[in-house]
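Below, subunit A partners subunit B and then partners subunit C, in two separate complexes.
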Partner chain A sequence: MTIKEVKIKIDDKEVTVPSNWTVIKACHENGVDVPHYCYHPDLSIAGNCRICMVGVKGAPRPVVACAQPITENMEVTTKGKDIEEARKSVMEFLLINHPLDCPECDQSGECRLQNYSYTYGRDHGRFHEEKVVKSKATMGPHVKYWGSRCIVCTRCVRFTDEVSGTGDLGVIYRGDKSEIALFPGKTLDNPLSLNTVDICPVGALVSSDFLFQTRVWNLHSRPSMCSDCAVGCNTRVDMDTKNAIKRIVPRRNDQVNKEWMCDYGRLSFPYVQENRLMKPMVDGKDAPYKDARKAAAELLQRKNTVVLVSAWNSNEAFAAVKEFVEQNLPGAGIAGYANTGRADEVFPGFTISGDKNPNRKGMREILGIDADASLKELAADKEAIGTLLLMHNIPGYAITPELKAVLDRTESVILMDLAKTDLLKYGNVAVALPTLSTFEKSGTFVNKDGIHQKFLPVMEPANFGRHEVEMMHDLGREIKSQADAGAAANGHGAAGGMKVKA
Partner chain B sequence: MSVAPARDKNSREDLPGSRLAWFTRLYLPTIAKGMLISLRHFFRKPVTIQYPEQKAKISERFRGEHRLTKDADGNMKCVACYMCATACPAQCIHIEAQAAPPEWENRDKIPKVFEIDMLKCIYCGYCVEACPKEAIEMTNKVPQVYDNRQAFIYGLNKLLNN
Partner chain C sequence: MADAQTPAAAPTPAPAPEPKPKVPFSPILLKHINEPDSHTLAHYAARGGYETAKAHIGITVPGDLIKLVDDSGLRGRGGAGFPTGKKWSFLAKGTGKPIYLAVNGDESEPGTFKDRYILERDPHQLVEGVILTCYAIGSKHAFIYLRGEFILGYQRLEAAVQEAKAKGYVGKKIFGKDADLTITVVRGAGAYICGEETGMLSSIEGGRGYPKIKPPFPAVSGLFGCPTIVNNVETISAVVHIVKNGPAWHKQWGTEKSPGFKIFCLSGAVKKPGIYEVPLGITMREMIEVHGGGLKDGRKLKAVIPGGLSAPVLTAEMVDKCTLDYESLASLGSMLGSGGITVLDEEVDMISAIYNTMRFYHHESCGQCTPCREGTGWLEKVAHRFHHNDGHQGDVELLGDIAKNMRGRTICVLADAAAMPMQSYLQHFKKDFEAKVKETAFVEKQRTYRDEITPTAKSITATGAGPSALDVGSNQGSR
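Then we have the complex of A and B:
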């Protein structure tokens, strides 16, 4: 079948849409809201919730918009008495066995049953018989199931079939007793399991990590970007009134992550509050930034200086490093390194990158350095390093043998890092400068497909950290002023041929 | 066109009744009248009460200190839904939730922390109206007075037994 553009009318407004779309997609793409539970743009059509009823001219009764293909000259009405009546009846049916335990339910506040009940439902219940009570279950390490709240829209079932491909979930029993259950011997423990919680339109599947933490209306959200791997999923960060991150959920970006995100990324945020490097340190003692900056500038002007940047830094930081070295330390080398990766985790509808660095591509673009090869080269080099400016910023990093080899023959290290990690204890850290996490600063990352993505701060910094760009500029100014004062050391040694590669 | 001259603010010349009659200016009749009223009240029943010893009679509908109610099993009714905290205009209610013990079969969630800052509370009763479980009510206990701020923050135990 060839796809052509056809003209249809939605609520007397003429629009042109591709002929392979469904009515609900045509409505949504043209800004007409049609309520839906079971329909999801990235999943197959189930057509079982029946709330998306619309009128089609010529049809004897309302049709479900999610399963109705577009035809030429179709006239769709999304408003009107019979449609309201149909939606009202559907809402009444869905709420017949619903426990109405909104006070205890985590979904309350962002629940489609609540929202559509206000918009389309009736103002009182007419059902006085005993409600069917269904089971509660723990589906996996991150997901819990409240059967009675479930409307059996099968979004989660289709997700495990089509996107994660694990096929963990299915529907058991029939009619009003039907509920979602795990297949025997299976658990919902794949690294995409929390997506089922997101797509659940009611409070049936809830995250056990977020369970009872807060109510959703106490949260405020900011758009952000996940820095856990090279995919760069677009996210929404939800924070409570004390500005503590409570959860991270995906934000739709069809080029990058559709509407999915992995559990690693969602649960990657605790490092923001944990064990942070709070203040600048000189020789293991807290010092004012002014003193740390001065000490760092003095150290940098010694012989054999190398700037080592990790692939967790933004394009802006790389550019600042490049500019800093070109202007202030013409002899110094720039090298890069990356967080240790693992194999890609490939699912039918989503790939979790094994490259646990958000900006490996950006490093290649700005500095022309391949992170792994660069560290190997530096590690193989036998010449002693005078001062190593280490721009780290990787949370949960285990020191690799290569980095260890570099640190072992370094006289003094200037560390820019988020937390008090092993790196701070290891090696000769003369100056430590606290930095900001990706939730606290702005910048640009280039993902594995070469897409440049900007991220903005979502919260106030937890420490007295500074942006790398600011610190590089400050160090540059400090070196200049020291040179002007005649206090600068004479000349900078070349560091074993580690030049800036074009 | 003639314009009336602006009135001097300090002058009382043109105010009605600013010139009192000599008899009134004596003030004696007025004082006598006042004294008479005071004298009459000596022979009436006093409206004041001797507060710490005597307690005022308080209406059944008086909005006093809060109480968290219990169900037939003696468990607290509160399910930590945060409705009271959300409705509270003084933002004096602080709740932290936790999972209910498994033997409490009729609920999933109970409060771990439930604090009302009685210094912030304006006793409006919105929390009682907002509660979907009738778990909070207002007693007719008159707000108490303490000598330190911490004592004004009522915790879960205090509220359950209030």
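Then we have the complex of A and C:
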């Protein structure tokens, strides 16, 4: 079938949409709200919740918008008495056996049942019978199931069938006793399992990591980006009133991650609050930034200086390093390295990159360095290194033999890092400078497909860290002022104080 | 299951049946079912079996066969009564995908037991029908779906397929002509919903018997996403006789719009319940009085469920106007359905009957669509209260409202199948409901209510399983 643009009318407004869309998509894309539970733009159509009823001219009764294909000159109405009535009846049916346990439900506050019951709910109940009670279950390491809350929209079942391809979930029993269950011998333990919690429109599937942590109305959210791998999933970071991250959920970006995200990325945030390098250190002791900067600048001006940057740094950091070396340390080399990767995890609808670096492509773009080859080359080189400026920033990093080889022949290391890691103990770290995590700073990463993505700080820094760009500029100024001071002492420079170059 | 969407409108007088010369009729599909070994190939061959297929496979143009069936006016015998030849001509052509035939032998509509006799006692008739149909529609693979409880039917049909295969009637190069046919017999696992055509397709595909959204219709995208024709066992069996004798022969019986003959399953308070193959258009009275031998023990007729449990009920006055064809029943606000006629006499408690009906649909709802999943259970629970004389002010209106909200709002017509009887009972037997309504509105006392009416495990132990303890009530399965 060829796709063409057709004209249709939605609530008497003429719009042009592709002929392969459904009515619900045409409505949503044109800013017309149609309520829905089972419909999800990235999953197949189930058409079972029956709340997305709309009127189509010529049809004897309201039809479900999610399963209704577009036809030329179709006239759709989303308002009207019969449509309202149909949606109201569906709402009533959904709620008769629902436990109405909102006060103890994790979904409360972001629940479609709650939201739609304000629009389509009745003001009093007519159901005087006993409710159906369904089972509770632990689906996997991260997902729990509250059967009685379930409206059997089968979004989760379709997700495991179509996106994760693991086929863990199915519907068991019949009629109003229908519930979601695992297939015998299966557990919902695939690394995409928490997406089922996101797409569950009610509180049936809940995240065991987030369960009972906070009420969602106490959270405030900021848009962010996951730095756990080279995909660069767009995220929303939810923080409580004390600014502690409570959960990370995906944010729609059809070019990058649609509306999915892996469990590794979601659960990667604890490093922000754990074991952070709080203050600058000089020779193993806390020191003011001023002193650390001074010590670092002195070390950098020695012979055989190398700047080693990881692929966890932003484009801005790479550019600052490049500028710093060009202007201040003409003889120094720049090398790169990357976090240890593994094989890609490929699912029918999503790929988790095995490259556990958010910005390998950016390093190649800005510095022209291939991270792995560069470290190998540096490791193979036998010449002793005087000072190594190590811009690390990789959480949970295990030191590789190559990096060990480099560190072993380095006299002193200036470490820029997030946390008190093994590197702090292993190398001859003379100066340690705390940095900010991707949640605390801004920057740009280039993902595996070459898409440049900007991220912004979502929270106040947990340490006294500084942005790499700021530190590189500070070091540059420090080196210049030290050079000027040296020149002044030798009688060549301007007398007294710092000379500011025009 | 019943497929009609006729509203339960006020009954209008049935149009006078077409005056037609009366042609004597003797059973056709059921002619041989009482003969010994009627299920064997030897018996079938001895009465001219497979001659029709032999005469047409590889000789007649398939399109001519479709036209022949279309001309005969044969309508689907599963419930909806859709013209068979028309359905075949809707088949998507030139898709490059295989075409399948799926024969519906799930026969799960309560009160219907006709296909069972064909499957158990004359399966070769069906196999020959499948051969002819597949040839006509260009299918190389037919699936025959049987309900799981048909054990003898399955054994005999499977044996018949094997016998036909050994003779070269099924398999590669059937009848020595350039035509292949595989017949796969599939057994269900006991779900009413798998009698719905798309539910059955899901079940054959190996999935849960969830009906699929239409459009696309099976003729465009059915089994495994390929064009599929779904027909009832009786329809396919009738094809053999129509092809053998021609459309004019078929049209000599029945009415203008409902030509031919049909098997009716008569049950309930009649002297001679059973299956009767009659020309369409005979009066309901004739069916009950002549074929059924009248009501048992000289009782009076109260109501008739004409086309399987889901067909709206007819009162005694409506029965007098009713003839057994698709149009007459539609004009009375009911439907011919699968031909399962259940006769209710004056002693039947209509509330008990509707409660039993609702129990069935609650149990059999697949649970896919919200209105049906929740509505069938709700209807049953309220009907259960009426059954126990615990109706309250507003409950009659509530039943009507729930039924109204279920109709036409689901993927398949199971919700309608549950709502239509309820609406018709409310319409015709409202007094029976009102007699059980208390003068008060419902007072919230859920917990005590259950203890009063539904015996708990404790009360069963205490009182022994008396009549009320055996009646387990609506919430039994939900614990």
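The working rule: the second predicted complex is superposed on the first by the 486 of 502 C-alpha atoms of A that agree within 3 Å, B and C clash if a C-alpha of one lies under 4 Å from a C-alpha of the other, contacts with A are read in each partner's own complex, and residues count from 1 in each chain.
Keep in mind that, in the parts below, a contact is a pair of C-beta atoms (placed from the backbone, for glycine too) under 8 Å apart; a residue touches a chain by one contact, two chains touch by 3 or more.
For clarity, every value in this text was computed on a predicted model and none was experimentally measured.
Touch criterion not met for A:E14: it reaches neither subunit B nor subunit C. Contacts of A:E84 after superposition: neither subunit B nor subunit C is touched. Contacts of A:R61 after superposition on the shared chain: subunit C is touched, whereas subunit B is not. Legend: residue contacts after superposition of the two complexes on their common chain; A:W217 is shown touching subunit B, with no touch to subunit C. Legend: residue contacts after superposition of the two complexes on their common chain; A:D449 is shown touching neither subunit B nor subunit C. After overlaying the two complexes on the shared chain, residue contacts for A:E104 are found with subunit B alone; subunit C is out of touch.
Comparing subunit B with subunit C, more residues of subunit A are touched by C. Of the two partner chains placed by superposition, only subunit C is touched by A:G175; subunit B is not.
Of the two partner chains placed by superposition, only subunit C is touched by A:R50; subunit B is not.
Here subunit C touches subunit A in the complex through residues 191, 193, 208, 213, 215, 362-371, 373-378, 381-382, 385, 392, 398, 405, 408-411, 442, 444, 446, 449-450, 474-475, 477-479, going by the rule given at the top.
Chain contact summary for the complex, subunit A toward subunit B: residues 101-104, 108, 146, 211-215, 217-218.
By the touch rule above, subunit B contacts subunit A in their complex via residues 79-83, 86, 97-99, 107-109, 132-133. Note for the complex: subunit A touches subunit C at residues 45-51, 53, 60-62, 67, 69, 86, 89-90, 92-94, 96-97, 126-133, 151-152, 170-171, 173-178.
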